[in-house]
Every structure is written in C-alpha cells, then in structure tokens.
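Both complexes below contain subunit A, partnered by subunit B and then by subunit C.
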Partner chain A sequence: MQTPQILRVLALAASVSIPVFSAMAEGEIPVGEFASLTGASASFGQSSHKGTELAVEQINAAGGVLGKKIRLITEDDQSQAGQPATIVRKLISQDKVVAILGEVASSKSLEAAPICQQNKIPMISPASTNPKVTEVGDYIFRVCFIDPFQGTVMSKFARGKGWKKIAVLTDVKQDYSVGLAEFFVKDILANGGEIVREQKYSTGDKDFKPQLTSIKAAQPDAIFVPGYYGEVSLIAKQAKLLGIKVPLLGGDGWVGDSLLKVAGKSLDGSFFSSHFSASDKAEKVQNFVSKFKAKYGEVPDDMAALGYDSAMILADAMRRAGTTESAALRDAIAGTKGFDAVTGMITLDANRNASKSAVILSIGNGGFEFVESVQP
Partner chain B sequence: MRRLNPKILLILAVVLAAVANVFSSSINPYYYDILITIGINIILAVSLNLVIGYTGQFSLGHAGFMAVGAYFSAWVTLNFGFVLGATVPATTTVYVLALASGGLVAAATGLLVGVPSLRLRGDYLAIVTLGFSEIIKGVIQNAEPLGAQRGLGGIVQHTDIFWTFTGVALAVYGILALVHSTYGSGFLAVRDDEIAAEAMGINTTKYKVLAFVIGAFFAGLAGGLYAHFKQFIHPEGFNFLKSVDIVVMVILGGMGSTAGVCLAAVILTILPELLRAVSDYPWLPEPVRNLADNRMILYSVLLIVLMLNRPQGLFGKLNFGSRKS
Partner chain C sequence: MIEFLQQLINGLAQGSIYALIAIGYTMVFGVLRFINFAHGDVYMLGAFAGFYTAPKLMGLFGGGPSYAGAALVLVSAMSICAVIGVLIERVCYRPLRQHPRLTVLITAIGVSLLLESGGQYVFGADPQAFPEIIADAAIEFPASWGIFSTLTITIGQVLVVGSTLVLLLVLRTVVLHTRTGMAMRALSLNPMAASLMGVNLDAILSFTFAIGSAMAGAAGVLTSIQQPSIDPLMGINAGLKAFVAAVLGGIGNIPGAALGGLLIGLLEALVVGYVNPTYRDPLVFAVLILVLLFKPSGLLGKPEREKV
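For the complex of A and B:
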C-alpha cells in the first residue's frame, strides 16, 4: 500500500482546512450574493452578478453607505440544487453578512429563502418571478415583477392597439406560460375583447402547424404566445409559412440568443414585454448602459439590470434605516417606495413583490426596439 | 489481529452520533451543513458501491432512486406530519416512518428497474439505468402534487447528526455484513466471473436484482435525509450529474472498497467547499488565488491528479477491518 501518497493528500487537506479568518476590516458592511456563475444557467448568473458588482462599485465610489463601504461576497452555486442552502449558511454564519442578494432562478431562491428567513437575514432576489418565492416569509423580497403581471401588461398593450380578436397559444408544460396566459385572457375578456381560439403545445415540440392552422381559421388580430424562445422561434417560422400575417405577442421568455437566429425575419412586427431595454432613451438607463459597457465591454441585459437594481435598493434601504440591524433593515426594504431604478419605478407591495413598469419591445431589422413602458 | 465485533462497532457509531448531536447547536451552521452532506454522500456512495463495486453492474441511475426516496418521504411528512400530534416524539415517529417508507418505495422502484434491465451488461445497462432515472425525473416534473417543475418546499427540517450518521452506520454495517457473509459471496462471484458463478449454481439474476434493490433502498434513505435537511427539493437536483457525482466517489474510493468509498465521499464533499476560500489564503501565489473564480476547474484538475496517482482507488482493495474482499 502506498501510504505516503495518502498521507500527502491528507496533509494537504488538513493544511488547507485550517480555517482562515479573513480579517473583517473595520468600516465595511458585508453583503452576500449567491449566483450561478458556472453550470447550466451560468449566462443568467454571470449577467446578474456583473450588474450587482457594478452597483456595489458605484455605491462605494460615492462614499458607501452609513460611512462604510459595502464588501460584496459572491459565492457560486454551480446551477446545482442543494448548493444554495449550503452557500447561504456559509454567508450568514461565516461571513456574517447583513443581507443576501440572489438568485435569478426561482428554484435556487426557493431553496435559500427558508434559511434566510430562519436567520432573519433579508434576502432580495433580482429575477425570480415565481410567486412562491416571497411567500416563504417576511424577510424575502424581489425587485422584478411576477409572472401574472406580464400577462396583464400584454393585454393592456393589445387593447391599446385596438386588437379585439385574440388567439392564445400556451405551453402547458411551463407554469410561467400558463400563468401569463391566464391573466392575459382574464383581462382581455373583462374589457370586451374576444379570445377566438385557445391552443396548447408542450416544451420540446417541433411541429406547431396543426395549432397554427386552427388559429389561422379563426382570423385573430394578434396571437399571444407566452412561451420560451426555443419554441417561439419555431412557431413564428411556421406561422409565416402558413401565411399568418398578424403580430405575435409574448413575455420575457422570448429573450434568448437563438430567438432571432432561428426565426429570422418571421418575427418582424411582433411585440413582447420585458424588464428592461438597453435602447430605452431615459437618462438613468443610458447612464447605466454606458457604465456597464465601459466596465465589461458588452451591452447589459435584463438580468444585469435587475442585479444592479437589487444592490441599489438594498443600499437605499440601509441609508433610510440608518443601521444594518436585521429587523430595521427588513422594515426599510419593505418600505421601498417609488425608487427610481433602471428597470423602472420600484415600489415593494405588501407581499414584498416589486410593483413596477414593464417595457414593451418590438422586433424588426434583426433586433429589439424599445416601444413604451407600461405602468402596473 | 483480533477484530472488534462489527455489531459492537455499529452500536458505538450510533451512540457516538447521539453524543455528537448534543453539541450540534454549537457547531457553525456552515460546517454543520457540510457534515450532514458528507453523511448523505457516504450513504449514497456506499450503496452504489454494492451495485458497481461488489456486484460489477454499472449503474448511472442512483440519483433517480434518491429522488424517489426524497419525494416520497417529503410527501409523507407534508401530508401526515402531524397525524400523531405535534409533540416531538410524534413528529419524530412520522419522520422515521417517512424515511423508512421512502427507502422501501425506492427499493420497489429498484426492483421495477432491475428485473427487466439487468439482462443487459456493461455500457447497455448503464444507458438503461440512466434512462430510468431520467424517466423518474420526468414523472416528478409533471406531477402536480409533488410541485412539478416548481420544486417541493415547506418540508420541516428534521434531519440532524444523529439520524444522518445512524443512517451511515446502518448502510456501512448492512452492506459490509452482507457482502462478507457466505450468502454475500455470491455478489463477488457475479462480479468476478458471471459464467463461472452460474455454472456453480448461483442464481446470478437474483443477486444482481438484490444488489440493485438494496442499493436503491439506501439511496432512497439518503434522499429522505436530504429532503428533510434542505427543506426544498427540485427535480433538477437529482439529474444525471448527481448520479455521476456518486459514481466518481465510488471509482475514486476504489470499487469494492467500502472504506475507500467513504473517504472519497468525505473528500469530494469537502474539496469544493475548501476551494471556495482559495482567494483568502495569503500564502498561495497570485495566479492560483485568481483561479478561485474558476474553482471548478481547480476541482477537476485535483480529480485528475488523484485518479492518476491512485487508479486503483484511494485504499486499493483495503477495507474496514482490513480483510481483503
């Protein structure tokens, strides 16, 4: 038996495992962040992390909060279930963070939330849209809108355009899609509109011609397709082939690299709702976009903007609370009202969800174009 | 060397777990989390070792059985948690019943998977078990009462050091006692030479299915412990990658070496967590500290180094009690 090698391994493990107490500099406020920096949802996690990082940098450059600088401690959860619980325990017990920012994916936020709640550490999720996340407890917040809201936004937009006869094509496999469709239909019917056809598909489907043929026969003014970009791009393509000329409407699930690559020009003239648009001309937004470009050399997306806002709202709450003590900080975050963020005016409601505007984007010329902001 | 009676060791381990449990409130919650994860991973690795290491059947579906145990036991405590009352003994009874039933349902699933698929060997069996675990995941993703794609939350935390390490003791003792018994030699015979074993009158199919069922039982038990520790379970937590993690523990530990597999489970659980702190170690050269952002690369490199140095596993064929198997 080659004992020396085992001993070497063990010695290495032992030497590394001596706990290192990173000296907590006086005058620093530790804030934790957990994100999927690697793994399946790394592109979302990286984006939101960059936004958060930029926000903290700006806050500190402007003198910090309460006379102290914020120290952001970021941990990677590898997009793996089981990791967020461990990391959040680390951030709370070892790094003694006063608040936690994260995650984009609702399933990760749902895992971390009970632990934050038990330890009474405020947690602000940048982009978890599942309603259940903030239902975990009164220390859990989010700065994005929830799924049902987007459905209402699109129906308002459709009514504004004077479209009366609408067809709906729902992805029954996705809660997200079903939720958006439900609230969309409710609002259309309540305002004298008509749902001329309701069709369904499942994630992973490739052929949508039967559903689209049926929809075409109903002669709608527009078709609401609240799915994810993978299927939506195929739906758009096949709709074009079948000679459907009316616009498609959708939600933030449309945002994805391959949407336009697959759909080509067939989505031109369609609209979808989202959190943020880099082509929004508002000064606040343009300021953020140029700072982000200067630091990372890329245009910020929704997740980056939401990550940025989550940190900004936390800093604002710290200033108003005048302390980082958990109960006072929680109350201050809950009291956020009309905060002028890059993703819109944010007010946190009684259920700790953000009530804010959504942006409508149109598709054309191989890109997205900002159309308008819709208030809740 | 006179060996201690394994049964006494088992009792000692349980007593030790009970004593350690008394001090659990003074353990840093982060270390506590890692400790429980180590325990759960040991159960998973040791039970998969029975299938891969001792019986020689390559399975890539262990996370699927873990999912069955996790979801079933969580479903039991969520629906019947307070049937016997809200007192501690009553909820504990329900918890133990939930763990046991989770294990049994996982074992039944193991039987269901094992009987048709164990006609296959090697790569084919690996693919079939992978397929079955994906089916289990797919069923959960579509089961509304189990939270479907949203995940299942609101599970009461009940798993502590005592229950986890009692589970570890049971798994290690149970599997060692089994493979070291006269009856258990059949597992090794199937692994070493299936045709010869058959010629000697050993019912190879029965042994293979049995290994599968027992392995699935302990995986289900680990799943139950996991669900009642993390309080939230999601189908993606039991995906192909989780199965591979467990397989890596078995291979790194040395197939058929329970002690090695236990050590591998410990190392592979602690290593990624240790690497989190790499950027805080002042004595490391700058480039290495910068690598901390890419700690999974570092982790993979260390895995490769370990594998190159110890292709036969950490302990080779050495086992608890140092009897060669």
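For the complex of A and C:
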C-alpha cells in the first residue's frame, strides 16, 4: 500500500509543477482570468468565461496587441469563498500576468481586489455591480454599471410610462435589492411620484400573498421588485393569482434560467433593466451574437457580453499605453472614453466605474424583448 | 376590512401546511419523547417525490393538469415519504433506543443535515420548477356578493385547506377508533406498561413514523401547488415554524398541533400585512420562547408531572 501512495503523491507534484516549466513563450502577453466555472454560481462564471475567451480569440486572430498574442490563463474559484484570493496570488506570482479579469459575483471580486491593488496589477471586473468593489483602490475597474444607476434607470422608465403610484417590494437580505430600491424610491419621490406601499421579504421566502394583498389594497400603477429571479418568479405567479394586473418592474437580478419556467405567463407585460440584450438590433451586438452562437451554439447572455467587453477594453488600453507595464496600463484603462462595446458606450469615470447605458427588456411570448436603452 | 379577510385567508392556507408538518413532530414526540428534527426535511422530500413522479403519473391522465392526476401524485408522495420515515426510524433511531434521549436528538440533527446536503448533491442546489398538476387560478365570485366579490381565494388555497381537513379527520379516526391507534395512545401514556400488555413496540413506532412522514409529504406537494419552486433547503424554515406550532398547541397533542399550525400561519400573515415583514420570523420564534416560559404544556396539552 505504501508505494502506490508515494507514486501518487509524486505524480501529483509533477502535474502541479508542469506549468512552471512551460515558461511563458516570448511574444505572448499573459492575462489572468478567475471565474466560478464550477459550483453554485457556475452559470454566471461559465457565461463570462465564454465571452472573455471569444474576445481573446478575436484579438489574437486580428494580430494581437503590441505585436504579441494575448495568452489567457483561466483559473476556477469553484464558487467558493477563499478561493479567489489563492488563485489570484498564484496568477500574479507564478504566471506573472499583466492584468486580471474577473469576477461576476461582487463578493469574489472584493476578495481578489486588495491583492491586485497591493501588487499593482490592474483588475477589471466584468459584472460586479456592488459600489464597494472599485473603492478598494485605483487599480480596480469594472465594465458594468453600479446599483444606484440601475435603480434610477427603472424609475425614469416608470415615469416615462406615466406611472405615478408605485409600490415597492424589496428583498431585505440582499444589499443589491435594498440599494436598487433606495435609489428608485428617491428618484420617484423627487419627481412628484408617489410610493403607495413599501413591502419587504427575505431571500428564500415562498409565500408572498400577505405582502401582495397589502400592495393590491394600495392600488399601484406598477410594482418595483428588485430581487433575484428565484423569488421574483413566485411573486409574479402569486400576484397574478391575487388578481394584480399591473406590471412588475425589476433589475438584472431577474435574469436566470428558472425565471420563466416557474413564472410561466404571469410575468407577461413586465419590464426589467439589464446590461445587454441579444435582440438589440445594433450591428455591433448582432455581430457578437452570431460569432458567439457559431462558437458555442448558444445565445450569449449579459455575463457573456460583459466578459467579452472586459477583455476588449483591456486590449484597447494596452494598445493606447503601448506597453504592458503596470502603471502605464492602469492609466490607459482609467482613460477609457467612449469605447464602443457590445454592452454600450463605455466611459470609465473618476471612480473607475463604467458610465454606460442600460437596456430595458419586456417579457412576453415566453422570452425577453428589447425595448429601449437608457443613457446615464 | 376586505384586506383583513384576505390576510386571514392567506394565513389559513399557510397555516394548514404548518399544521400538517406539526402533526409529525407531535406524534413522534408523543410516543418517543424526542424531537425528530429531520422531519422538516421529509417535507422537502415529499415535494421532490411529487416533482419526480408527477410527469409519469400526470401522463396517465393525459399529461395536463387534472384533479385525478394530482390526487395520485399526492398519494404517491405520501407513500414515498411514509417509507422514508420508516427507514429513518429503523436505521437511525431504533439502534439508539436504549441510549439517552440527547443522543437520539443529536442523531436527528445529523439526519437532517444529511438529507439537506444529500438533497443538494442529488437534486442540485438550484430551485426547480414544480410541474403544474392543478391549474391554479382565483375562484370568481358573483358580483352580487358586493364587496366580498373582490376577495381572492385560489383553487390551490381551497385544496390545501380542504386536504388538510380531510387528512386530519382520517388521522383522528385512526388514532381514536382503531386498535393501532389505541396501541399508539397506550405507548404514549406508558411505554413499559404498553409493551407488557403485548403492544408490539417496533411495529407501532414504524406506524407512527409512517403516518407523520406521510402528512409531511402531503404538505410538501400541497405547498408546491401554490408555490411551484422547490429546493433541497425548503424544509428548514418550514420545519422550524411547524415545530413552533407543535409546541404552541402542546407537543404530543394532535389537535393541538393542528391548532398551533393555523395560529402560526395567521400570525405570520397579519404581521407581514400590518406590522413589518422583517418581524415575521422573530415574532414566530418569540412565540416559542413565550410558550416555553409561561405555558410549557402549550394551549391544549396537559401539564405533565415529572416522574421520579
């Protein structure tokens, strides 16, 4: 029994050390990516990774940047807390990456950001919308909008529709939901609208009839439900049963596989804001969608588009910097202005957050339909 | 006024679910004097049993939503849960019968964790959409009812309350009017004397677990008709609430468990509707503490003298 075990350990050691020996070929720029490729948030991670991968492939096919090809080194954080710190350290110290792309979940980005900041390696998060992420330091960027903006997008839309009396149903366990609701309510009240009822629930709740009964009694024109798809689908279903006919409004947390599977037709006529719509007719978007479909055989979602944009913005900054040296690259990323990305025109503001448009989608016929894009 | 009535209806429907689960807690406590903390997870398994059997069973009735098919799904989920309940007792609790009750209690917590983590492994952690076995819709009231015609009662709610009532009546008959029921009551009164009189302890315990688990399985399916999103952790919260209901009604007392369930459901609906939804869970558990402090025997339970 003893010998095989030793052999196994040796084999393991050998397999671990292989990347060290396969030192970086000259003429390649190593770029690190960390994503949840397995585990609970794997669907987010898989999407963003596919987008990033497609972008790098296209950049290299067009001749790469600075006369070199980009080599994407991807590590899986298994959707587990603690993993991002470990693998980002590995990417920086062992693979000598010049920049890091990741993650979707804000909690994971927040774990990696201090390490990137400390090592002065620029990090671009594709989809972490929590404001705290880029507050870590001046080397941390994102290509998505942040929660306060998204709340305001929906309130503008509601005002545009002439809905004056709005009810709000917030998930008190999610900073995301509370944040969106706060900025939504502020904007509605500041513009002469009325919040007729504010109700709350907690992640994991299944019965929303009491809250909805109270909301129904207030007779709103629309209901803002900035939660995640799991609860939203049940809320929609129960609202319909209780005879609530007004539209529901929400944010990018609605995007999820099971939303329409559970809600069925009860979300028809509702609206939510998001980063990207594959049914947007813009040429740039349609181009991306068809390339993505050709490579992966599926329609790209928000996370895929944001992953794609994060790599494209990095490549653009490298070209403008003319070097991959960290301070110059950081300055170039910070100077991103009016970059024409698939998720909209991206300008990075002084706080390293993307100032860009959001899209509004409507639900009907068992799918999402692009309605309009809203400028910041 | 209408809003208040509506909240009572909401609370009644949710309370019925708690009542069904609470019965399992109370029955097991009645005969074994320990809390089966894995019971909430049997409720979860009931929902998943329905989830997996529904496509086949509904197929027998044309595939679409139908009452006959739904009844069959309900019965099959109850049977599956009954078997699971018996297995849990046989494998996990029976070998520990001579051990201190604390050992069994801790084992129950272990079984609960096993079912939750195992469920995440087998069924996946993501919520799943429960198939539509009944076309749930609001029942239309004639306009001549005036203000009451604006009340919303859904078919799902009627079914939940109705099925709960039927199941409670069946249970009552079993416990009060059959030999097995008599043996159960004897066991709960004095296990030693009962077994001396020839009551087969093992058989009765298995039977108790079967009935309790079947009730939880029914609750799992009935919940999923109204809230068609199920996940492996759905039993935790529902189980805890039902446990509070069982204590409120007087643990060990079957009508008490049913009453406790309804009261907890009503309390929740009213707190959410009129106070603040964030206080819902804290208030329910405050009830547990208050009952234990001031009336440990519960609303319908008889004070028990500590035997020396």
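Everything below uses one rule, namely that the second predicted complex is superposed on the first by the 356 of 376 C-alpha atoms of A that agree within 3 Å, B and C clash if a C-alpha of one lies under 4 Å from a C-alpha of the other, contacts with A are read in each partner's own complex, and residues count from 1 in each chain.
Here is the rule we go by: contacts are C-beta pairs under 8 Å (C-beta built on N, C-alpha and C of every residue); 3 or more make two chains touch, one makes a residue touch a chain.
Quantities reported herein were computed from a predicted structural model and do not represent experimental measurements.
Peer 1: Report for A:117: first if it touches subunit B alone, second if subunit C alone, otherwise both or neither.
Peer 2: neither
Peer 1: Compare subunit B and subunit C by how many residues of subunit A each one touches, and report the one with more.
Peer 2: So, of the two partners, B touches more residues of subunit A.
Peer 1: In the superposed arrangement, does A:85 touch subunit B (first), subunit C (second), both or neither?
Peer 2: In the superposition, A:85 touches subunit B alone.
Peer 1: After lining up the shared chain so the two structures overlap, which partner does A:38 touch, if you call subunit B first and subunit C second: first, second, both or neither?
Peer 2: It touches subunit B, and subunit C stays clear.
Peer 1: Kindly classify A:93 by the partners it touches after superposition: subunit B alone (first), subunit C alone (second), both, or neither?
Peer 2: The first partner, subunit B, only.
Peer 1: Mind working out whether A:206 is in touch with subunit B, subunit C, both or neither, as first, second, both or neither?
Peer 2: second
Peer 1: Between subunit B (first) and subunit C (second), which does A:279 come into contact with in this model arrangement: first, second, both, or neither?
Peer 2: A:279: touches no partner chain.
Peer 1: Quick check on the superposed pair: does A:357 touch subunit B, subunit C, both, or neither? Answer first, second, both or neither.
Peer 2: Neither partner.
Peer 1: Could you tell me which stretches of subunit A are touched by subunit B in one complex and by subunit C in the other?
Peer 2: Dual-contact residues (subunit A): none.
Peer 1: Show which residues of subunit A lie in contact with subunit B when the two form their complex.
Peer 2: The touching residues are 1-2, 5-6, 9, 13, 16-17, 20, 22, 37-38, 75-76, 78, 80-82, 85-86, 89-90, 92-94, 106-107, 110-111, 114-115, 130, 132, 136, 173-175.
Peer 1: Show me the residue ranges of subunit C that touch subunit A in the complex, using the header's touch definition.
Peer 2: That would be residues 2-3, 6-7, 10-11, 13-14, 125-129, 132, 136-138, 152, 154, 156, 223, 226-229, 233-234, 237, 268-270, 272-274, 276-278, 281 of subunit C.
Peer 1: Contact residues on subunit B for subunit A in the complex?
Peer 2: Those in contact with subunit A are residues 28-30, 32-34, 37, 142, 148-151, 153, 226, 230-234, 236-238, 241, 267, 270-271, 273-274, 276-277, 280-281, 293-296, 306, 309-310, 314-316, 318.
Peer 1: Which residues, counting only subunit A, touch subunit C once they are in their complex?
Peer 2: Answer in residue numbers: 40, 172, 199-202, 204, 206-207, 209-211, 213-214, 217, 230, 233-234, 237-238, 241-243, 257-258, 261-262, 264.
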